[in-house]
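First, the structure itself, so that you have it in front of you.
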Amino acid sequence: VNPKQQPDLSTSTSHVRVRYAETDQMGVVYYANYFVWFEVGRTDLLRTMGGTYRQLESDGLFLPVIEASCTYSRPSHYDDELEIRTEGELLSPIRVRFAYEVTRRADRVITATGHTVHAAVDRNGRPCRLPEPVQRALRSDGSAERRRRSSDPRHAAVRHRRPSLP
Amino acid sequence: VNPKQQPDLSTSTSHVRVRYAETDQMGVVYYANYFVWFEVGRTDLLRTMGGTYRQLESDGLFLPVIEASCTYSRPSHYDDELEIRTEGELLSPIRVRFAYEVTRRADRVITATGHTVHAAVDRNGRPCRLPEPVQRALRSDGSAERRRRSSDPRHAAVRHRRPSLP
Amino acid sequence: VNPKQQPDLSTSTSHVRVRYAETDQMGVVYYANYFVWFEVGRTDLLRTMGGTYRQLESDGLFLPVIEASCTYSRPSHYDDELEIRTEGELLSPIRVRFAYEVTRRADRVITATGHTVHAAVDRNGRPCRLPEPVQRALRSDGSAERRRRSSDPRHAAVRHRRPSLP
Amino acid sequence: VNPKQQPDLSTSTSHVRVRYAETDQMGVVYYANYFVWFEVGRTDLLRTMGGTYRQLESDGLFLPVIEASCTYSRPSHYDDELEIRTEGELLSPIRVRFAYEVTRRADRVITATGHTVHAAVDRNGRPCRLPEPVQRALRSDGSAERRRRSSDPRHAAVRHRRPSLP
């Protein structure tokens, strides 16, 4: 059985074109707007997985953001075509993490990377398990988790602190 | 009885400072953001009148915008202090109109004027009468209506079309 | 010569999907965001005409908005696919008007219509003629102007005021 | 010499009231808008320090964001009055870090904390030293740095990894 033959349900690619509204007087995209594109990315990822976030909300499940970050490596400009690669990862039955990479299509330069963490809650804001199909799709083959752990210095630190058993 | 001695409940003044996020690559405020300031203006006007829009919504009354316009006379810039003068007018028990004037505080230059019209609806989107106190405050002394009719070219046109009686 | 055989350079169709960021607590799209979609519409229209607004700016021509309006007929919701039909019209060599119609793709319901008027200015904000090809494309066959005049009540008023010659 | 007697130039407090535009259909503030408030915070902090970011840009110095993060602990709602406490810290002569804490004024509940890191660049995007007075004000008494190091788990991790000398 070759895991590569399974379609990877936990990644997706979205496209946006930079709007004038999204620029600021520095002549580049205002930094907060990347988080809006991240939202476009995770909306598309959930659609790829066979559902929609709209449907999840209709069913009474919400995914408020509890943590968000972005690292900006290159500016993006008005009218640029950008590609957002989104990767989902189940942290627990009530918590999901998305990682994002924003690339300029013209020259394949990465302009920003980031992540968000979401809590699954019901209409009353109480923690609530993600539906099984979503959990399965996000669990996928664990590659997201592996990639993340090997590149995040915090995880590196954590590993280094573990005593090596004799 | 002097109507000028009544406080004019149907006007208010708000202040905003232009945020970097609100500028665009032309180095001025992006045009759609004036409509956000208009919202700041009408929120403050309703507070002046003794209630809050937040409370109206809690009580089941919503005021979706059904018409909006803005005329831009001068650009405004990052960090400018602006003054928004808002004037409310009751068009009918289920319809309200707000007019706005945005002025740069430093030199008293008017940068934009505009208006919005709102329908009063209940939670199900059905037309619904504004609460009596709001109607009274907006009805005020009719000065808003008089000023508007004398300056709006459409109303001028309407008047011109009326046959002058012999 | 059949004018219908010319491609109509002065209209275009754009597509957007409603972002969560664009909704407000009423559960519908916040009214100012339609003006951002109008910008998407006119950016695409200029592209259709063979240039880009980005290039116009690089060449030193800017089109700040001097007037904007929108009439909202139906709400639009998160994740809705919308179609923006944009029509351009040359008002003068230094002034252009765009009209917009926003339609929900699922049921072809019109959610909003609006317009913007733009002044053509140079880097120093001085009035400046639009490039000839843009003027030509916008002038087109005049159908935009005809449609507008026949539907706008203000123009109707103007016509009614004209004396009918004996 | 008591460092406490110096005014702490590197912290400031700003106030915003939540706009309807900033909410989303979950009935709370959309997560990206906190980054806009962070911008309000650092603009005010620079003003506290005796200059303005507007003036820095006029003088040819820009502070693009290269890193941003936010942790959301409680939602904030339309019309809430919020307080943004901002703390600046000089990371190097060409790099500055701001930390933010957003508190609901009514009940003093912290709704979010975050930070941004900025590179100082000139008009051509080349690294460029911050003006001396800004460096001095941000260097302050080092309390920001001390507080940060003692609470950030990453720094904790780093410290733990250092071998304790015999």
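Just so it is clear, A, B, C and D label the chains in written order, and each chain counts residues from 1 on its own.
By definition in this document, contacts are C-beta pairs under 8 Å (C-beta built on N, C-alpha and C of every residue); 3 or more make two chains touch, one makes a residue touch a chain.
No experiment lies behind these values; they were computed from the predicted model shown.
Between the chain pairs A-D and C-D, more C-beta pairs are in contact across A-D. The chain pair from B-D, A-C or A-D that repeats the B-C interface, sharing more than half of its contact pairs by residue number, is A-D. Note: centroid distance chain B to chain D, computed from Cα atoms, is 35 Å. If each chain is reduced to the centroid of its CA atoms, chain C and chain D end up 40 Å from each other.
For the pair chain A and chain D, the distance between mean C-alpha positions equals 25 Å.
Contact of a single residue of chain D with at least two other chains is seen at positions 20-21, 25-26, 28, 32, 36, 39, 78. Chain contacts here are complete: no pair of chains fails to touch.
Residues of chain B touching chain C in their complex: 25-26, 28, 31-33, 35-36, 39, 57, 62, 64-73, 75, 116, 153-154, 157-158, 160-161. The part of chain C that touches chain D in the complex is made up of residues 20-21, 23-28, 30, 32, 78.
Every residue of chain C that touches chain A in the complex is listed here, in rising order: 19-21, 36, 39-40, 43, 52-54, 78-79.
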